[in-house]
Amino acid sequence: MNLHSLRRPLLAAAAAVAVGLGAVGCSAANDSSSGQQVTINWYVQPLNSTSIWQDLVAAFNKSHPNIKVNLTVGPTNVDTVRGTLSTELGSGSATPDVYEGDVTWPAQFAKAGLALDLTKEFPASFWNRFSPGAVKLAQYNGESYSVPSWTEAAFMYYRKDLLEQAGLPVPTTWEELVADAKKIQATGAVKDGYTWQGAGYEGLTCVYSELVADAGGSIVSGDYTKATLNTAAGTKALDFLKGTIASGVSPNATPTFQEPQSLNDFTAGNALFMRNWSYAWAITQDPSQSKVVGKVGMAPLPTFAGQPEPGASTNGGGGMFINPHSKYVKQDVEFLTWLTDTDAQSMFASVGKVLPANVQAQTPQAQQEVGPVGQVLAKLKIVGRPVGTPAYSQVSRAVFQNVNSALSGNASESQALSAADSQVASALGSQ
Amino acid sequence: MSRHANGASLLVDDGNQASTNSNGASLIGSGSGSAPRSGTLRRTARSRRRGVLLSSPALAVVALITVVPIAFSIYLSLCRVDAGADGFDYTFIGVGNYATALRSPTVWAALGFTALYTVISVSVEMLLGLGVALVIDRMTKGTGIVLGLLLVPWAMITVVSGQLWSYIFNGVYGLANYLLVVTHIVSAPVSFLSNPAGAFVALLVADSWKTVPFVALILFGGLRTIDRELYAAARLDGAGSGRILTHITIPLIRQSIITAVVFRVLQAFGIFDLPFVLTNGGPGHATQSIAMLTYNALFQDLNIGYGAAISCITTLVVIIFAVLFLRAFRVEDSVD
Amino acid sequence: MTSHFPTSRRRARTREGLAANTVGIAIAVIFMVPVLWLAISAFKPVSALGDFPPELLPIPATLANFDAAFGPSDFGSFLMNSVIVGILSTVIVVCLGLPAAYGLSRTSMRGRAATLTGLLVISVFPVIATIPPLYVSLRALGWLNSYEALVLPYVAFNLPLAIWTMRNSLLSISHQMEEAAEVDGASTMRTIVQIIVPQALPGIFVAAVLTFVACWQEFLMALSFNSNPTYQTAPVGIALFGGAFQLPYGTIFAASLVALLPILVLVIALRRWVVGGLSTGSVKG
């Protein structure tokens, strides 16, 4: 059975309601108007306070009189967006035609039939405009489901004024970071040494998987058959995170911190180091929101002593998907080709202040426009999350819930890791 | 009276008994429910037709709009849902989703948390709500203003009140910490939300703030229908305030109490927005409610059949809960 | 019937009333503390929201958060939609629910217990699970992105509680006047409107407020059924604030503060009617 075959009885029931209520003036569903101009609906998430989406639409509509892009900006919470999009797309709706999704979505959306297989829609050469890593992240079973649009990665933010004052170099290992933090905390210049995201949510999976990678491990095996958390690397990563809280380097409330709380701690001038995404740069430099304007530096995240530098950084950012029921796939493709070409991509840098996904658009000028993010980005060691499984959301939940339990002292490290291991295994096994 | 015959009659008071077992009953001039029964057969038949006629529009709307989706969800809970060429495909698999759910420690943990939370929060909120309602009912001036102000917490969009309380309970700069520090109860800010007991209490405070007014409003509606002269008569007979409360007020607003408890139990058992914003189920999964599991399964994992199965399990549990509660309530009442 | 109280008892009542007034106001003040904190925070600059110890008053006060909420995102139109959807749903719920409550409490209609139980069971079922199928039906009707897309489910999901509350207040109304009206040959509807409604006003008010507030807060359906901002309601508007990884407390608080105003206006507008209605309800005969 198919949801479409359900439509008729539901329609009858719904029509009966309409009659029962004496409703009048039912607006007709406006189906495809086969005029000259085609309207495609584009659904995105708010990126930041810039007008990037509106500007892109205006630019496209101006240069493409035969296609009109109609923009809808959804809620900020990525899981809320997933919920409403899956309802809409799962019902077979033809709109939105093109939608923005998270980098963790391609496998899940592909398997659930919510995303069009783009491999045949675009010429093979199209994908050369992105980094091979970004293309691979957007694939499931070797087929592409998402067009990378802008990228985002995790950085270490530091108070360059305080480090200079103390005559300390920017730390490259976690051990140095902790030692520097204790030194400067002891002077009373800052309350907290290092602020990061320890709440039970997706961000903690990112933090934790970076440290596991630094310790030479991973969350799941490369072929997605085994959970590999309850290992030496998994334990070392958790030890480190717990240690930062226990030693007072990170605030007590870290197990409740998401990005805004960490950023708040840092922009209030309370913290020496912060792990955060590139978006945070602009806020640290905005006098209406920050007390540390001009005192901040950015660097790659550290790694454990004895490991090759730098430490691992998780990547994020947005990709564009095409609705498998879109009536205008040809126009969708034309739009996405334009969106990822250098002109539009340089707008992501100049207007949106985020890094474009097109490597040719990652010019020195673009790097200048997005701030130090641009210069540091090239030095990062990007380590993706295990998003190749459709069960990624369950895998990630198993990680962040159990790591959070251990961080807040409600489970021992070994209990937490073995629970996480078995939950990850059952999530992988269910696919 | 066939009180204990079946679940239905336990759940619902036929409406004619409200006044029959309480002391106050004889004092209300006319027994409220006696009229339809004392009528002639012809009048009863007319009354029946009239009842059907008056109820059917509302019942039809409810049935059409809610029953179809619910029936469909029950069907989904027995299916495996896969992507098809044109939307989803459903394969009937029987009780597989239920078996998976009942084997999952996460589901049991969430059910346990939700049940505990429901019992504690509803008890606390009913007691506070009754107190507030009694006070407002006795006010001679300003009833409207106090009622209006009390509606503010209840009317605040839940997602916002979740954000507000997470701001207040913030472990670094929250108002709650400030108040504890200036009163020297703690020396430095505490992180309420990173231990299970703290997170539970934070949820309880935020939830009570919002729902005590709800309970008070429903009970207040009941209190206002009590004839004031009953109190006066009872006082003349020498009854104290406590006795008036237990022997007149509570029996007379029993219908409102049942309504408030039943609907609070339903809401508490379905609690979602508040923990979603305030604790996100944490620390770990200590405050993960059953509705959050449903949400995760349906909207994060896109595991539609499984999510539907959890919904059906939730519904069954709540119905059992409601039947047990009402039975207990009745037993107590008949002992009295 | 008019009551004549002896003076001593009246004095006792006055004393009790005064005590109740004091306690009642104290309760209201306690419940308002978090709201005040929301209001104070809404007027603080963003950079002061993370201060510890916090400033207890927003000095210097700023309207920047209100600009952020009402400038670029036009929160006013979200509020307007919430008001429209809330009022429409409430009116329909009362118009449909009151006769049903009457039928379920004051007639000898069969299956009253079963019906009331059924209404309860419907309210138990997690609303989240009904969203995908409802979406399909609304799309089939072409009603997505409209007021009716929300009014229809809001009416259906709020009727059970409304019927229950109104039924409770109908149960305690005397049958004498109704019977007299019937003997005089008044129609059922006329009896309800002229005799029952005035006495049941407290219950109707409670049902109406509960319904309006429930509609006012609903988020998931509002988000799922109306993706067009023209028809989106306030909770959805608030969810659109900020950006990736941002939690703009200031903007959220400013918007929510304004979102409380319609509720206050509603209560104040209804107050006279409500208090009037309540006293009608309590003085019988």
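Note that the chains take the letters A, B and C in the order they are written out, and that residue 1 is the start of every chain.
FYI, a residue touches a chain if its C-beta (ideal position, glycine included) is under 8 Å from a C-beta of that chain, and two chains touch if they have at least 3 such contacts.
Just so it is clear, the model here is predicted, and its values are computed rather than measured.
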Next on the checklist: I need the chain pair with the most C-beta contacts, please.
Outcome noted: B-C
Item to check | Chain located farthest away, centre of chain C as origin (C-alpha) | outcome: A
Checklist entry - From the C-alpha centre of chain A to that of chain B, how far is it in Å? => result 38
Next on the checklist: How many angstrom lie between the centres of chain B and chain C, each centre taken as the mean Cα position?
Outcome noted: 16
Checklist outcome for this item: Contacts with two or more other chains occur in chain A at residues 3, 6, 10, 13-14, 17, 21, 83, 87, 90-91, 264-265
Checklist outcome for this item: Where chain B touches two or more other chains at once, the residues are 57, 61, 64-65, 68, 72, 172-173, 189, 295, 298-299, 304
Item to check | chain C residues counted as touching two or more neighbouring chains | outcome: 49-51, 131-133, 137, 152, 239, 247
Checklist entry - Given the complex with chain B, which residues does chain A contribute to the contact? => result 1-4, 6, 9-10, 13-14, 16-17, 20-21, 79, 82-83, 86-87, 90-92, 108, 111-114, 199-201, 251-256, 261, 264-265, 270, 325, 391, 393-394, 397, 401-402, 404-405, 407-411, 416, 423
Item to check | Interfacial residue positions of chain C with respect to chain B in the complex | outcome: 3, 5, 9, 14, 16-21, 23-25, 27-28, 31-32, 34-35, 37-38, 41, 49-54, 96-97, 99-100, 102-110, 112-117, 119-134, 137, 152-153, 155-157, 159-161, 163-165, 167-169, 171-176, 178-179, 188, 202-203, 205-206, 209-210, 213, 216-217, 219, 234-235, 238-239, 247, 249, 252-253, 256, 259-260, 263-264, 267-268, 271-272, 274-275, 278, 281-284
Item to check | Contacting residues of chain C [partner chain A, same complex] | outcome: 45-47, 49-51, 64, 72, 92, 131-133, 135-143, 146, 148, 152, 220, 223-224, 227-229, 236, 239-247
Checklist entry - Which residues of chain B touch chain A in their complex? => result 57, 60-61, 64-65, 68, 72, 82-84, 86-90, 106, 170-173, 189-191, 193-196, 280-286, 288, 295-296, 298-302, 304
Checklist outcome for this item: Given the complex, residues on chain B that touch chain C span 7-9, 11-12, 14-15, 18, 29-30, 32-37, 39, 44, 47-48, 50-55, 57-59, 61-62, 64-70, 72-73, 132, 135-161, 163-165, 167-168, 172-173, 175, 177-178, 181-182, 189, 209, 212-214, 217-218, 220-222, 224-229, 232, 235, 252, 255-256, 259, 262-263, 266, 269-270, 272-273, 291, 294-295, 298-299, 304, 307-308, 311, 314-315, 318-319, 322
